[in-house]
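Below you'll find the structure, written out as structure tokens, and then a few comments.
Per-chain residue numbering starts at 1, and chain names A, B and C are given in the order in which the chains are listed.
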Amino acid sequence: MPPIAQYVFNGVVTGGILALPAVAFSLLWRLLRFPNFAVSTYLTVGAYVALVLNHGVRASIELAWLGALVVTGALALLVDRIAFRPMRDRRPFSLAIASIGVAFVLENVVRFVWGNDFRSYDVPVTRGMSVAGLRIGRDQLLILGVAVVLMALAQAFLLRTRLGIAMRATADNPRLAAVKGVPTERVIALATLGGGGLAGGAGVFLGLDASIDPLMGGGLIISVFAAAILGGIGSAPGALAGALIVGIMEEVGMLVVPPTYKTAIGFTIILAVLLVRPTGLAGARS
Amino acid sequence: MTALLEVHELSAGYGDSDILHGLSLRVDDGELVAVIGPNGAGKSTLLKTLAGLVRPRSGRIALRGADITGAGTRRIVASGLCYVPQEANVFPSLSVWENLTIGAWTAPGASNERARAVVDLFPVLAERRRARAGTLSGGERQMLAMAMALMVEPRLLLLDEPSAGLAPALQRLVFDRVREINARGLGILLVEQNARESLALCQRAYVLAMGRVRAEGAGGALRDDPEIRRLYLGG
Amino acid sequence: MTTMTRRELLKASGTAGLVLSAPAILSAQSKEPIPIGTLCPLTGAGGSYGPDMQRSVVAVVERINKAGGINARPIQLFHEDDQTNAEAGVRAARKLIDVNKVVAIVSTWASAVTLAVKPLCVEARVFVIGVSGADSVTQGDHKGYIARTQPNTNLQGRMYAKFAVSKKEWKRVAYMALQTPYAQSFGDAFTGVLKAAGVTITDSLIYEDKKPSYRSEVTRVLATNPDLIMLEGYTPDSVVMAKDIYRAAYKGAVLAPSFAINAKFIEGVGAEVAEGIWNMDRAPLFDSPAYKEFSAAVPRGDQSPYAPQAWDQMTLVALALAAAKGEASGTVIKDNLRTVSNPPGTVVYSFADGARLLGEGKKINYEGASGSCDFDQIGDILSAPFSVQQVRKGKSELVMIINP
């Protein structure tokens, strides 16, 4: 048996990628009061946007990543305008169902344009290095690093900037925020843009780490959902912690249950959290 | 003289039904005006309509002569009218200080100085400036809600039942602050369940029933009116 | 892409029709044609294989009809597209059975399709022969109406193991398989042969599809220090797996099925990661005269792993009908399949030779383009040659053929 530390590290990398969509999913849920399942599809969209840039115009992967961030954010905004904004006052359940519909449409647009086949970026795979008995991939380290920086930026934005405070205020009570003069629709647009961007960027990471196919993002939704619930809806650090825990449990869980039950681990976490501590780790009210 | 707030023949409501039926009232500069009346009289709806949360169907609202009928919340708050809802009037997951920052949203310029000035009025908020508003006591929360409203240096404050749900000692404290704010020259339109207290506090008052003004007059006069006493003050 | 092949197929079908009328004038004017259906995937996931299979069947029928048909009756082909979809396959099979009254359906591809049309065909006494690999295809009570030229997973597992055993340096072998209905049976056959040969099986791991990474699966398997990892998956998961194996700095060998280690795979992981990966596939019988005739008759047929099998399937059906002397039905095909394909008998490599010997009352044993085509009682082939390839500088190169 390899040291458990290797599994934990593997889980940290998985969790790092998971954290970006989990934070986006969690914040948007709090802000707009419904779980937006289309967020997982933004990963797929981001991965394909970067693919087009990387293969089509031969952009470096760094540039393609930035492009994916911007384009996916813009797409998320467009989707919000077309699909969710007209439904702003509907019940969360209706909006959640609408988001599943949006995810379905986006996924099929991707299939229609790029086909069902998987793709890969024009980036060589590198051998991992050995650090203190741990096998650590360079790409994974880089992905983890960028994910952590993005999380820190998101958190700094939310805590330190006026707009960030306004976003949290809008999430708390949109009517009161409006009474105080906060332009809530613009705050929502900004959050959608940022959330879509984070998810799109994570999609590129996922494509680099594994491969790109139309179902890549949709397949993650259970893990993203579990991370957001575990962290407490609306808490960015909570979602980060939730993502890391889900990632680690999925990997370390292999020591206890067969690998074919990986997805079941996410479900189990969701169930356990809902039963034991519905407010999640951060304990924010929803 | 132009009134601070002039409401003329205002009708408003939710869905298909009107709550306010051609209601008229005015508040003059620096005046403390109370609105009393039974449950369902339309007191809260009146404030929400003035704040821009409910769209008026007909009538006219003017603030210092400027027509703000049907204006958005942003424009209304920017023109000096500030509304403090009865419930959910602070952001629970934000700190006290952050709440004040949002309170000053439309006038960010001198936010810090104003916050200091406002906190002078409510010293307890200075002690708890880093606490999350959700952890404040009911009285502290009410202070914070008023403090937030003062952050934009409004000309007119709309207070929706600031004493609701508070212990008598705290109620007194809240009314003291209301009086103090008014003494600084702010117009206040105060909606209260506690009619006795608010009639004692105000210069003038309106009695609302079924979305219409039933009576109006000086606070003391209304309090001594046997008809009003019988109907709204419980004998 | 798809429309191109469709257009080509229309042309091919037209040709078959012309060919059909030619022998009718020559020898079989009064004889009613024997209707036979093809049910290949012309679209969908199998869309890159179906057209070549259909071309092979058309080429065989062209030859049979030119030589005077089966007992002077020509074959009339009816082509349907199963869209690599069970539902579409069933609709198409219904049409072939009810409208065209076919006696046999040849060249089904996806296991899901074959399994779906199986009950219909058994009930209508229509013979089905295809290239589907799932064990369940030939299981159950099908009364002999089902057969296939594709090895079942047990035979595949044994052939992969035969190659692994031949490499003496592979003393410790780990088995990793994607969760599929045949991961277990393939693994049992594969590890069974290896264990019997004294090779240590260090780990057996079945993994889930559509996971963003297989890092921990690889961690677990590499901790057992294997010399060889047998990776039984499809292309998409094999790409992720191969990347993770490479990143984990594994220095041993990897063996996988060729249908996973294809050009898409190499493009997906890059030549560096793919370098040295062994892969195996069911091979045609390159030395067989039947294969030579097939590759001359079917353009680009040598590029398709299934076209030689389709060639043999059509030939076998025709020979079984020829052996029946008169009646043409699904029942006589299933009753005569083994008499024309299995030993004893004179070895023949084409319909013409086989039909002539049958006419003389002799026993025959057809040896085809895809292998020796000997069937067991449930309709599985007993043996098949396999090719071993290795990825070298971004291309899979043929290393050897393993014969049964």
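FYI, contacts are C-beta pairs under 8 Å (C-beta built on N, C-alpha and C of every residue); 3 or more make two chains touch, one makes a residue touch a chain.
None of these values were measured; they are calculated from a predicted model.
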item	value
Interchain contact steps from subunit B to subunit C (minimum; 1 if touching)	2
Chain whose average C-alpha position is farthest from subunit B's own	C
Most central chain, judged by mean C-alpha position against the global CA mean	A
Comparison of A-B and A-C (more C-beta pairs in contact)	A-C
Between subunit C and subunit B, distance of the C-alpha-averaged centres to the nearest whole Å	81
Centroid spacing, where centroids are CA-atom means, of subunit A and subunit B in whole angstrom	42
Contacting residues of subunit B [partner subunit A, same complex]	51-53, 73-74, 77-78, 83, 85, 88-94, 98-99, 101-103, 105-106, 108, 134, 148, 152
Residues of subunit C touching subunit A in the complex	45, 179, 205-208, 210-213, 215-217, 219-220, 222-223, 235-236, 239-240, 243, 246-249, 264, 267-270, 272-273
Complex contact set, residues of subunit A against subunit B	162, 165-166, 168-169, 171-173, 175-183, 234, 284-285
Of subunit A, residues touching subunit C in the complex	1-2, 6-7, 10-11, 13-14, 17, 116-120, 124-128, 130, 135, 137, 139-140, 206, 209-211, 213, 215-216, 219-220, 250-252, 254, 258-263
